[in-house]
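Order as written gives the chain letters A, B, C and D; numbering starts at 1 within each chain.
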Amino acid sequence: MKSKTLPWIFTASCPSVIGTVDVVTRYMAEAENYIDEIHSFDDRESGLFFIRIEFFPQSDDFSEESFSTTFGPRAAEFGMGWELTEPNHRPKVAIMVSKYDHCLNDLLYRFRTNQLNIDVTVIISNHPDLEPLAKWHDIPYYHLPISAETKLEQEAKVIELIEQYDTELVVLARYMQVLSPSMCQYLDGRAINIHHSLLPGFKGARPYHQAWEKGVKMVGATAHYVNNDLDEGPIISQGIQTVSHALYPEDLIAKGQDVERVTLFNAVKCHVEKRVFLNGKRTVIFGG
Amino acid sequence: MKSKTLPWIFTASCPSVIGTVDVVTRYMAEAENYIDEIHSFDDRESGLFFIRIEFFPQSDDFSEESFSTTFGPRAAEFGMGWELTEPNHRPKVAIMVSKYDHCLNDLLYRFRTNQLNIDVTVIISNHPDLEPLAKWHDIPYYHLPISAETKLEQEAKVIELIEQYDTELVVLARYMQVLSPSMCQYLDGRAINIHHSLLPGFKGARPYHQAWEKGVKMVGATAHYVNNDLDEGPIISQGIQTVSHALYPEDLIAKGQDVERVTLFNAVKCHVEKRVFLNGKRTVIFGG
Amino acid sequence: MKSKTLPWIFTASCPSVIGTVDVVTRYMAEAENYIDEIHSFDDRESGLFFIRIEFFPQSDDFSEESFSTTFGPRAAEFGMGWELTEPNHRPKVAIMVSKYDHCLNDLLYRFRTNQLNIDVTVIISNHPDLEPLAKWHDIPYYHLPISAETKLEQEAKVIELIEQYDTELVVLARYMQVLSPSMCQYLDGRAINIHHSLLPGFKGARPYHQAWEKGVKMVGATAHYVNNDLDEGPIISQGIQTVSHALYPEDLIAKGQDVERVTLFNAVKCHVEKRVFLNGKRTVIFGG
Amino acid sequence: MKSKTLPWIFTASCPSVIGTVDVVTRYMAEAENYIDEIHSFDDRESGLFFIRIEFFPQSDDFSEESFSTTFGPRAAEFGMGWELTEPNHRPKVAIMVSKYDHCLNDLLYRFRTNQLNIDVTVIISNHPDLEPLAKWHDIPYYHLPISAETKLEQEAKVIELIEQYDTELVVLARYMQVLSPSMCQYLDGRAINIHHSLLPGFKGARPYHQAWEKGVKMVGATAHYVNNDLDEGPIISQGIQTVSHALYPEDLIAKGQDVERVTLFNAVKCHVEKRVFLNGKRTVIFGG
């Protein structure tokens, strides 16, 4: 089984009942799909079952269609939602930014060096500043300035671009605009935001200033899915670093950038590798 | 200068002006006190100066009295509050607990093995459960049960005990009682509490349940001085650990105990080694 | 499925071939064992498959015997070694120590408070110092002093005690004696040792002194299975902490104790929870 | 004292005797230099004294010359080596690379965004691959391929470039060539290298492969000064990350890049901020 080729990924979720694992693994064996790794988990509070499998098809008959045709009906009996992700799937990603470039620079670096299996197809900003960085990576950059009056109009254009570029995932890489409710709704479940605090601590504006006021000894960052409730979407990853009395708010802002970019990267990577499952307001993450 | 003897510690604070360092170090040189380590810091927001010095007296004339007589007047010119701590000073510590024993067990272990240079002279609890642990360490244990009706009366007895045992520092090692305002005032500046969350996140009761509800990926603990404002005293130390979706609130409670005890130990150690300075609602900590 | 009862644990390993997962999960479904969590992993270098399952039997017919009778033959077809661990299984543990008590104190605390699901039945030492600690926990303590001349003889007595107390796991909690080859062989696979460095760095004696000489900025500890090759057994867990120039070797020794005890605890916990699998000279650990 | 301007930095070292601190701080007071922060440390093993001061000159007469003229003779009495660094000093840095670009990309990003107060004036490589990255940052790139035959000749050209660009610090940012003894000697004390292991563990080639073989649970990186003894120069900073059984050597290589770049950045930052002092084979680091 010495193989460096990437596996197919199967993910599924449904209510917890006996046989959920068996319906999947039995099918995999019958279809001659070699399983390399399984994680499953039943949340006894939500009563939901989650599973993620990496596998290598061994049969020439394997195809997404045949999988769907043969496995689909079995899954239906369990009310199981499932998804198959091919080894070389690179989701099309739109990145939204303002002026801070540390997260953008990090994502583009990892995209360029294949540390992130994504295809950054478009960058959208309410400021022109980061266009040169986009240019160097040969990625289209759209400057859509936003004022209170133009917000809805500009958000409509953002949505147009997201559609036009066939976007699978939107990453808000320090996009410093409060999204309208309709925009939040549009992005629900398909956008990841990075907030510069350990949510739910220091919600809202200027979290590093809030943290400094409180004299905390650790500051952090939180990557979460966007939903209707600002800064309240399901958390995917968090990171922290220790800070001392000698750091002023502007130092925290500077120092926090490293945690922000790593935390956002971790979240995007988990999402792309299909490790993240929604579980009510919480998430299940099968670590890599 | 090869010496394993412990140093004297000098600490001081005053408004930031030119000459604050010089008035101290010049005196030290004149008095033949060998300085092993200095940390100083000026906070440009509060306009305060802080200094901590470890030194070894070289002169036979050295004594606390002579230090005070000769240095005192110079310090007064700067409005400088200062303190001298002898090498073998072991502050008398009263520990207050309820039923959880992880913090108490840890503090007693470190007291017994001289990792903490303290003298635990009395343990006070609103429950009888931890008396055997106290007994094994030969430390008097007072059981003062508290109800809504008896709170003030019992707190008066606690204060009596604190006085009777000449207590320099009170440690609330998971003492699960809300202190009355008068008790808070009494303890202000001389008591350290451990709270089981990364304050100011998850203030109040059942922080691990709150954290679980939010689906956070990290939980923590905060050691802080007690002041009038519950869970708002100046922070001394914080600790965190990562948690996964597979942990329920009761697991977080269990897992959090390790962070709580280490965080509390760190705070007590910093306090005893005179590394902590109050700076308004914040603290300055000169790391070891 | 709301249950706080502990699950049964099933663990198994065999060569990687198609059907390894299916043979297990199909049986579990047929036998009405509700699976709460699965981890499986195939190591493509060693060509071995590893699986760990937590499950709750739903059928009244469930018993270890019936499991063995019905599943055993199926496993045999895959050359699969497997093990079933009951929910309340508390392995009998013998702890060996010398004079340092930080690891012993930690293990006994966690044993006493049920953080570790073990039964510490005997403590064996080449020094008398830690007997009071054993006494307080009501655990028999055997003092077997060792000199170069008496080593083999005394080791024979140790083995006798291990047998007499029906020991399932031996923990070397800073037992400062080099074991003889025959003793190593006896303990192979059923003893965990804590070494006070990040192995394979600083093997052998006085690792903190070695680390200080090199001016490293981090020191650590390694818990590993005992095997024939001193300090070379398969690693189970490692821990680190940062250190500064201001720490002398004796400070590293003191500071390292916290990492040592946490690292050893983590290893024992993983072992007891059946999360550790031998994979040649390496280990597979299914995280909790 | 509310000032966001950067301070002057004074650093010094000499044998430990009484008065070392006083000679500095008394001068500072007399010369009206406002001290913002002091760290001093006496190493009782090496018998050396180290001090770092941040200060803001308050007198119009302040100049490097006047400082030198008036303080110099006092320092000479203590055999004190000292250095004054102006607030806006940006050392000229030459970066040497091969094909891996993660460290280079990180350093250039931080240079471009002023997180590192340096001036990257030239990039030298034995491969042409990273020229586009240099170009985008408008930094001259020299491709000097090296073979066993041409090593000394090419190293001479490297030295020429280092001189030509007035280089104060050379950073080996994953430069995958063993330096000749003469090159090591030339770089002694003014070059920082990043090694991809927790030195002294896994010295030499392919450290991630070595680490994988041993089944370690943590891998790391070490930034150190270059000296004659390959991989043995004084350590400045180290970083680690946990790894699991599921990672193969190629995964460790990929995952390790994050620790390498952060560890190298930390070392360069400490060096540039004059926080690092040589102390025999070890270093003293006054943290920020």
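Convention: contacts are C-beta pairs under 8 Å (C-beta built on N, C-alpha and C of every residue); 3 or more make two chains touch, one makes a residue touch a chain.
Because the structure is a prediction, the values reported are computed rather than measured.
Chain centres computed from CA atoms place A at the largest separation from subunit B.
The pairing of subunit C with subunit D is characterised as same-residue: of all residue numbers used at this interface, over half are used by both copies. Chain centres here are Cα averages; for subunit C and subunit D they lie 41 Å apart.
Here the CA centre of subunit B is 36 Å from the CA centre of subunit C. Among the residues of subunit B, those in touch with two or more other chains are 37, 41, 44-45, 246, 287.
Chain contact summary for the complex, subunit A toward subunit C: residues 1-3, 16, 18-22, 25-26, 28-29, 32, 34-42, 44-45, 47, 51, 58, 287. On subunit C, the positions that touch subunit D within their shared complex are 41, 43-45, 198-202, 213-218, 220, 234-238, 240, 244-246, 248, 279, 281-285, 287.
Subunit D makes touch with subunit A in their complex at residues 4, 37, 101-102, 105, 109, 113, 115, 136, 244, 246, 250, 254, 257-258, 262, 288.
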